[in-house]
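Note that chain A is present in both complexes that follow, paired respectively with chain B and with chain C.
Presenting the complex of A and B:
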């Protein structure tokens, strides 16, 4: 098991390096430090001296990838790519371009707010969607199933933006049940979390229920279900006992990949509900054109995705004994 | 003088493709058509989609009028060339010119005859009071007017082209790449397969939204430059796409081609082992011939399914991206922009709801049929994936 995990981690190394090089190309080659400096100092009336000064202050005054003025290892290390991108490999995110804040510290401080929304949404979404999907699968072929599926398609066809705006308007403004947006520390934050979680749940129901229903029906087409029915078990027992256990395999392996992203936050949810998590951090950086933060978040997201993939592989082997560590 | 943007070409291509598919499905065995005939909901959806596509097509046929001076005489340059207006109006703009030019001063409710906001009015006897002034075009604004007084129905209709281009253009751009790389990875395997797999795993591990954001921050800054133009730059806009919509399609394509590529690779690997491919090999058909004659035609159903299923997701994504501020520019009609402004209008007292309602209606009217139609196409082409 351990050697398997280590081998999977080794596979991830070239991908992480690839991501690193790709973001560096995008952020240092396509958008040169001069462009960055001009954007941050203001497009007009920027003297070349001011640009040089800004680059020097923020460590962008080196060649991009190869420094011909240096000797030995310096050819590679005394470059923007190495100075700015290589520290990402050991999670040193450096400082932001605009306010000079410590990005790593900011991320560590903000990820809990993202988790506070992400975790309940994640758990309740699985429970609710699975439950509804099982009901539909139980009623398959009936009018209720057809209409349930149709409602799912309708729910899928509505943009998440409408759910958010509608939720804020009806629950927050018209009925005054919940605060429209905001955040607080500790347990006081709960009343701010209810609305975003409800909205996110409603937004995910359509696609989720449909997917889980397919998984269930795929499972009920298998031989062991026919055997269970043939020996006289009731439909509900077949579905909820036999099929559910086995349907959990594709369900689990499908959701595991998103577990690391619970820390990562959602751009729109957090910005609509003013949650001070990583999503709103990213949005603010985008609007301020702070490329150091955007680059860090791109990198962090890739890492989390790769971790998610590894966790998925491991969970496969855990829930399905037929899959061996190979 | 006609003006063709890169995104117009996308609309033309999609229309051509749709007509071709329609023609093909009336001949052949017509599995898709049969499925859709049986499924009345899918047939209705198809009609809706055709209406939307037709509107987008009308909005993509555009030309510049000859600029005229105040006496109505055509302006000419010193050497006798014609001078054209800076704005190229589309066929749709011209058809709806009543809606386009019939602007009010500010908000007005649907079918209203008076403005929604109070203004100082001069009464016939010279006194000034606060009140709701009458509209210039009372009762003509079916969905009301927005803050600057333009007709909401017109704005929503203008969003159709943006939605269609995003939904189809993105996949149109990626299909050749996804098929090419997917097929050679799956068919040849080995080292080529490793390289291609590495590339798409790396690309797909970067969070899509952030890649789009970064890309649009870097490339999307180039908006449309107006001004009077001469005849020499007629087709310039095709080859130098300077509208954000095109860049948005491109980057959405880059972030979403990996899924299609992965599917195609898997299918190509499966097809490679089949008897008829072996037979072709035994007859001495070269690799390229096998790919072209036997592999590619047999995975086109995957491509078609992906295209129709991705469509609605892309239309929804455009709205979110426009909300974040990296979608199409504010000068371009899009439902995302409408939602963005409508959000603040809901906190007004009394509520201005028609902007949000209009964007909801038009978006829903595209995405729901697209979803239903997509399901029908998938059921027809890939019975294995059918929802039982």
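Presenting the complex of A and C:
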């Protein structure tokens, strides 16, 4: 297993470099270092000299990928790409271009707020979606199944924004049961987290239930289920004991890959509920044209994605003995 | 208020009204009060031997420090003139990247030279470090670990001098009456040397404990907590000097109750909490719930909050009034305008026909309609760059733009000239029905950065208005970076822009039309690239005058020249709407002042009572929902059992 993981990690290196190159290319295509300087220096009275100085002071006066003025290793190392991307390999995210804050520290501080919404949503969503999906699969072909599916399709067709604004209106404003938005630290944060978690759960239920129901129905058509029924097992036992266990591979594919992203946060949820997580950190950085943060967050996203894929592969071996590392 | 002494080239004193060209030096000698003390801060804490306690923190000491509050020892010291001089020198520090340096170095004696010297030294330090490190040199990483710190004491600045412990002198290279406004801005706040030394520790920077997050000052409030992603908390500064609520004000202030707290010690509030709310809807709802003391009004909430009365005056709706919420409106010192590129062959130029073409377009773009459709009526059409409240803005008949408006003497209001009049101007301009002499339709490109949702309607509106004159407006929306690039290069014909006052002086608006401030030619803020020699000549005279009837007469002449040339479609001045709860006292709109928090008083018990009353939970609908959900679950179980049976 260890050699498999090492091999996968080695495969990840060119992917990560590629992601970094693409990020730099795309970012500088839309947003040159001059644009960044003007944005950060302010809208008024920005002289060309001030722009040049800002670039010098922040290391953006170098060529993007190849420095023909240098010799030897300097051709590669004395470039914006190398100077800004190389430290990422040892997770030194550097300082923000805009306000000089330490990005790594900011990420470590903010990820807990993202996790505070992401983790309960993740756990409850799995439980609720699996439970409802199994009920619908169990009741397949009945009126309840038809209506359940219909409601699921409606729920997945509605934008998350509707659930957010609706949730804030009904539970926050009309019923006055929960704070409309906000965040606090420690245990005080719980009252602020209930509404976003409820909204996120409602938002994910339609698609989740439909997906898992399909998985279960696929399993219930297999030979081993027919055998289980033939030997006289009850439907609930067949479904909850036999089908559930064997449906775990597609379930895990869906679930494990998203575990690392629990830290990453949600752009819309964090914005509407004023949660100071990594989602709002990223969107703020894009708006402020802060390449240092955007680069760090994209890098972190690609790392998390690779971790998610590796975790998924590992989890397969836990639920399916036929899957082995090669 | 500091008053400058003017000196000529030989150092002889000149009278205050001396002509600007005769003034070689303007000397501001500023005396500070002796009883001002800084807030308590770890930077001032000292060891028994008198050396700073926290200026050389070790790795071990810093391990458990998460914020400035983790440094328990605090002290203060008195404000001295040296702190101001240090801050002025600091503006020249290239690593501070002060946004006002390009402006102030034009005025403060030696500031430009100081900047160049520091820049030279910085380059030398970096070169040395690079040569030492070789190809592996990484400037950002290197300066993260070993920040480059300038010892300001080693640099002299002839334009900022300490006279004695409580007096400092600023010397300007020319007469610049607007300098008084700059002195009131944060760039001139005093900076204690100890504080800079404290924050220059790279280990503290790595913990995000920096001067911008935890500033040190002498004002009424101190930064208790700085988390811009969630909240910023200010607390009353216990070292704040004796400061009392004003005993007199503007006419009407007494009747409005603004002088009820006269003579009382400031500040009134012990703690101010600023919460980050990114979205307008939750922010508005929380204001209505009483969790925010004041609020603006977004366009989504406007109809819920404001209605226009019979006289067209904004009033709050009964829903808002019943909550005891009050409305305050004020015209902002801002001008949103559209403009022409005066360097363009088609829309630019100064011939009579070009003037008439631009005047016709200015008439057709009906900003009264614009404000109604897109701004809930929040604004007033502009006659010139000068918004109300800025010297030179004239109300009534005398203040209108006669090329676009006539005066309705019956109603005593300006009346926009008719479309027929505009079409007549088009004929005189050589574009009858929007076509040139060869019958080709006149096509004008419109550059903007209106990429947001809903802004497509704005563009359509402009296209429709140009079409009224037969002109085809070709929209060229781009992102803001590309838009700015086009403006800098002069690659545009018609554009939209805005300007917010830096300080309340007409110079700060009229320089937007000054030839030497042209964006294309001089990289300035005159985006229209307007250049009228007479306007520029009058500007030079007006710029250095104090507000007086003579200055007003010059401004009037300048405005008339610009109105005739019409480099801008004069746009509008936005109207700010502010709402505040009944428990908030002493709020008076002031778009220029930044220190009004100290005057605000709160009736906390009324607020607490209102919050309780307005936010009683309603459990009945929840109970009903639970019953219905229970019914569905019961039905499901019954169905499952039936199926099993």
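One rule holds for everything that comes next: the second predicted complex is superposed on the first by the 318 of 326 C-alpha atoms of A that agree within 3 Å, B and C clash if a C-alpha of one lies under 4 Å from a C-alpha of the other, contacts with A are read in each partner's own complex, and residues count from 1 in each chain.
Just so we're on the same page, a contact is a pair of C-beta atoms (placed from the backbone, for glycine too) under 8 Å apart; a residue touches a chain by one contact, two chains touch by 3 or more.
Keep in mind it's a predicted model, so treat the numbers as computed, not measured.
Participant: Once the two structures are overlaid on chain A, check if chain B and chain C clash or fit side by side.
Facilitator: clash
Participant: State whether A:173 touches chain B only (first), chain C only (second), both chains, or neither.
Facilitator: Touch partners of A:173: chain B and chain C.
Participant: Between chain C and chain B, which one touches more residues of chain A when both complexes sit on the common chain A?
Facilitator: Looking at chain B versus chain C, the one contacting more residues of chain A is C.
Participant: Would you sort A:63 into first (chain B), second (chain C), both or neither based on which partner it touches?
Facilitator: The answer is neither, since A:63 touches no partner chain.
Participant: Answer with first, second, both or neither: which of chain B and chain C does A:99 touch in the superposed model?
Facilitator: second
Participant: Applying the document's definition of touch, where does A:267 land relative to chain B and chain C: first, second, both, or neither?
Facilitator: So A:267 only meets chain B here.
Participant: Based on the superposed arrangement, let me know which partner A:165 touches: chain B (first), chain C (second), both, or neither?
Facilitator: Both partners, chain B and chain C.
Participant: Quick one: classify A:214 as touching chain B (first), chain C (second), both or neither.
Facilitator: After superposing on A, A:214 lies in contact with chain B but is clear of chain C.
Participant: Given the superposition on chain A, at which of 201-209, 237-245, 327-335 or 435-443 does chain C overlap chain B?
Facilitator: Of the stretches 201-209, 237-245, 327-335 or 435-443 of chain C, only 435-443 runs into chain B after superposition.
Participant: Which chain A residues are contacted by chain C in one complex and by chain B in the other?
Facilitator: Chain A residues touching both partners: 30-31, 165, 168-169, 173, 271, 289.
Participant: Show me the residue ranges of chain A that touch chain C in the complex, using the header's touch definition.
Facilitator: Counting only chain A, the residues touching chain C are 30-32, 35, 38-39, 41-42, 44-50, 53-54, 57-59, 70, 72-74, 77-78, 83-84, 86-87, 92, 94-95, 99-102, 105-106, 110, 135, 138-139, 142, 144, 165, 168-169, 172-177, 180-183, 234-236, 271-274, 276, 280-281, 289.
Participant: Touching residues of chain A toward chain B in the complex: what are they?
Facilitator: Result: residues 14-15, 18-19, 22-23, 26-27, 30-31, 140, 149, 153-154, 156-162, 165, 168-169, 173, 210, 213-214, 217, 221, 264, 267-268, 271, 282-283, 286-287, 289, 291, 294-295, 297-298, 301-302, 305-306, 309 of chain A touch chain B.
Participant: Under the definition above, what is the set of chain C residues touching chain A in their complex?
Facilitator: 94-95, 97, 99-103, 119, 135-141, 144, 205-208, 210, 212-213, 227, 229-230, 275-279, 281-282, 285-286, 288-289, 479, 481, 484, 502, 523, 525, 615-619, 621-622, 635-636, 639-640, 643-644
Participant: With touch defined as at the start, can you tell me which chain B residues reach chain A in the complex?
Facilitator: 198-199, 201-207, 209-211, 213-215, 217-219, 312, 316, 319-320, 323-326, 336, 339, 342-343, 346-347, 356, 360, 363-364, 367-368, 370-372, 375, 387-388
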